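Given below, in the form of structure tokens, are the structures.
What follows is chain A paired twice: with chain B in the first complex and chain C in the second.
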Partner chain A sequence: MTRDIAVVSVAQSQEKALTHTTEVELMVPIINEARGAVGFTQDDIGFTCSGSSDFLAGQAFSFVHTLDAVGAVPPISESHVEMDGAWALYESWVKLQIGGIDTALVYSYGKSSPGSLRDVLSTQLDPYYLGPLWPDAFAMAALQARIMLESGVVNEQRLAEIAVRSLNGAADNPLAVRSSADATVDSVLAEEPIADPLRPSDCAASADGGVAVVLAAGDRARELCERPAWIRGIDHRIDPHQPGVRDLTRAPSARKAAVEAGAGNDRLDAAELAAPFTTQEHILEAELGLGSDTAVNATGGALAGHTMMAAGLMRIADAARQIHDGRADRVLGHAASGLFLQQNLVCVMEGE
Partner chain B sequence: MAERLRADLVLEYPFTRTTGPVIGAFLTGLREGIVLGIRRPDGTVLCPPTEYDPETSAPLTELVEVGPGGELVSWTWVDPPRSQSPWDQPHGLGMIRLDGADTPMVHGLLVGGPDELSVGMRVTVRWRSEREGHIADLEGFVPEGAGQ
Partner chain C sequence: MSADPSIPPAALSGEVRLPEKLADVEPVRSVRTPIRLEYDFIPGSASSGYLNAFADRKILGQRSPVDGAVFVPPRGVDPRHGAATPDYVELPDTGHVGGFCVTRLPIPGRDDLEIPYVSAWIHLDGADIGFLGLVAGIDTSEVRMGMRVRAVWKPDDQLGRTAENILYWEPTGEPDIPVTAAGTNAWHAKQAAESGEQAAGEEG
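This part shows the complex of A and B:
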């Protein structure tokens, strides 16, 4: 028996590089917008949970500073995950299931522009076999891409089509940091590889940004939001870390999470996927069982702007907004973490 | 005017770790100039070795020598080299399945350009002359027959 929990409000911001803005300054307006949309102050929030990375901030316990954007006096019930905010949403969902509270604030943010994200991501690798070689994220993704191309599970034409879907879809999306209404398969295929065989448009455009989501349970959600996005299923799974022991053309953990979240139980109007590479978007479409009747990353997805630590929660927010607006009745939000889609979270939401 | 106070900040990780019976054995093997894998209950061999079976989590203990030759499973080209990597020249990055192993390991490919790389080609280990029990004791892999 689970409680009905819904996303009742979302707010987000994303730019190519936030040069003169601290994480606190970034999050103040976003958190105020998400809380304000349902008439909340922090006093109305039963539990607050965030996701961010000290490796990006370059400082231990950096998330404590960002609590200044929330307001933590008088003391609040609060937690943090060194993960994408989608996992902070999962923790909040569990907390709401336990009961005693009816509302939660979830937020996450990332500011990777001061460093070289493709190199910083080497720090997520094991510290004995892979980490000391500092293989950058594009090069690692290229190893997977070549295996996929050689095995025939995808071809360059299909990867370019995914890139074009993102570039074209993002053209009217103010949160996207890379878009092109004119991009075509031919223009993408004409790009010089950045990490052979991957082209620049195969790799997500790095961004700085933040996102905040308010969750509420049962009738409280109905009071706060005209059309709450009810979380009907949420699940996360993980595959082994060492790349050599995995079939890199697959993401079994994504498939398992989708099954457990009930993604295939009914038609999905839209899916928002947090794949940092076209190759991985292709894998996810297959593993999540998305058919041609599901609009995938219609406004560009993570390829059009990838804020480390927030890209997944942003996808859940994008999906929930489509329920709020009445544009969709059943949606899927996805988050990924680690090397080659090692860890995946699937959140299925419905309108009433 | 008051003297400006100054304090140095040294970013460091002031802990030591032990590498354990499997990773430790692998790294010691590198120092001695051999590459070790580990056998799974189904008879297949993981290289690099892990302490546990990736599917069943069963403890693994049977170390076996693999390589030094192997097959290139995938590759990409890294130019410019990444500043913190062991390599200071443009190089390949590959997944290499060593002879006697069933899984590939990631390491550098020491060739002059991407035109010299292809999936399925035979490669072999090039060792550093001074080794300390570190993954970079392997300088990288070179095409078989290219000389050590």
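This part shows the complex of A and C:
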């Protein structure tokens, strides 16, 4: 039997580049906002878990520094994953399932502006065969896009529609770093490709930022939040690391995660997808079985601002917020990790 | 396939069978895959204030909004409480040795350091935590906890926005402060007293 666990509070911040702020300075107000919204100090938190990668800013043990933003004195129960914060949320959910605690603080952040993210991402490739070739992230995504276009699973018109959906939806989203109320399919198709066939609007706008989420179990959640976002299903699946063995027009792990999380058991009002490219957003919509009655990335999604290591937890936070304020009754938050959507996590949340 | 975990997988046991034509080829024993990534370091708000002040021969700390504790170098946060520390405090360049070690081995790339040398936690007057510095101008066997020191700065025309402006710390010749009040001992005693507990003297 599983415990009922809900997202009761979220806080996030995102901008194009943090040029005068450390990760610690970034996270202090975000963590305090998330805890403060439910009247918490760190003493009220049973478990703390974070997600980040030192490769982004090129600073060793930056995640240890960032604990300064939490206030880890006296010593706290804490963990870290070298993954998007969505996986830190998953670990916290498991920890809450085990019992003994009723609350958890989850946070993640990414500051990739000090380096060249498209090159840094090459370090996630296997170190013997692909890594030494240093294919940058845009080139790899373009390779996938070419296969998708040539095999007919998508066309340029459809990719441009996804880009426009993000650009238009982000126009009123203060967290978005790229938006355009005037963008049209024609204006996107008129863009010069940066990694043929991908155009600038096909690639997520890189951002720096952070996000914090408070989880609570059972009645504790009801005390803290007027309308908790109950996690009804959460699942993580992985496709092979070696891209050569995969059908790059598909993401079976996304489909499996959605099935296991029970995404299709009822109508979904909204889905927030962490796809760094329009091509991958297209794949996800198909694999997750999202229909026309589900609003997908209504405020721009990850395309409008992609904070590496936090984009997934930000999507879960965006989805939970729609439950909190009554805009939706059943939502899906998605996180991805690795090359070509290799890893996928699906979190289905409901209001009461 | 064996289910016994004490038996290593075939790939590690030397039983790997190669195709005939590779039988006499020298096996690959290592591969080199150089990695080079460049970053622009961003010191952030608190460290920028700290480093900029060094150009004016000033040492800046930050004050905790929770209990007034002064931290140097400043990091923008009181790590005990996760509270932002926007207020800077200018500190004097005098203090005492809160702890030290004598190193008798050279550090690669630091030919300027003559061994033996003394690394010490320098506790500035008015600061509640120490920071790292070199102690010189005294025989290494004479260095002790509680010894009063002052900064020896580079000449004014060589000052930059860097902590390297302080060449080392030298004894002032003033009387030592008691070991029980040196380093973090004084701070911990103060905190214990403030929280109503018995000021623990065992650490001294």
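To be clear about the criterion, the second predicted complex is superposed on the first by the 352 of 352 C-alpha atoms of A that agree within 3 Å, B and C clash if a C-alpha of one lies under 4 Å from a C-alpha of the other, contacts with A are read in each partner's own complex, and residues count from 1 in each chain.
Going forward, contacts are C-beta pairs under 8 Å (C-beta built on N, C-alpha and C of every residue); 3 or more make two chains touch, one makes a residue touch a chain.
For clarity, every value in this text was computed on a predicted model and none was experimentally measured.
Contact with chain C, but none with chain B, is seen for A:42 once the two complexes are overlaid on the shared chain.
Applying the stated contact rule after C-alpha superposition, one finds that A:142 touches chain B and leaves chain C untouched. Of the two partner chains, chain B is the only one touched by A:195; chain C is not. Once the two complexes are laid over each other on the shared chain, residue contacts for A:132 go to chain B and to chain C alike. Contacts of A:57 after superposition: chain C is touched, whereas chain B is not reached. Legend: residue contacts after superposition of the two complexes on their common chain; A:119 is shown touching both chain B and chain C.
On chain A, the patch touched by chain B and the patch touched by chain C overlap at residues 119, 127-128, 132.
Across the complex, chain A is touched by residues 17, 19, 23, 26-27, 46-48, 50, 54-55, 73-78, 82-86, 93-95, 97, 103-108, 114, 119, 134-136 of chain B.
The part of chain C that touches chain A in the complex is made up of residues 31, 33, 35, 37-48, 75-84. Chain contact summary for the complex, chain A toward chain C: residues 18-22, 24-25, 28-29, 31-32, 42, 55, 57-59, 65, 67-73, 111, 113-116, 119-120, 123, 127-128, 131-132. Interface residues of chain A facing chain B in the complex, by the touch rule stated above, are 119, 122, 127-130, 132-136, 139-140, 142-144, 146-147, 150, 195-198, 240, 242-246.
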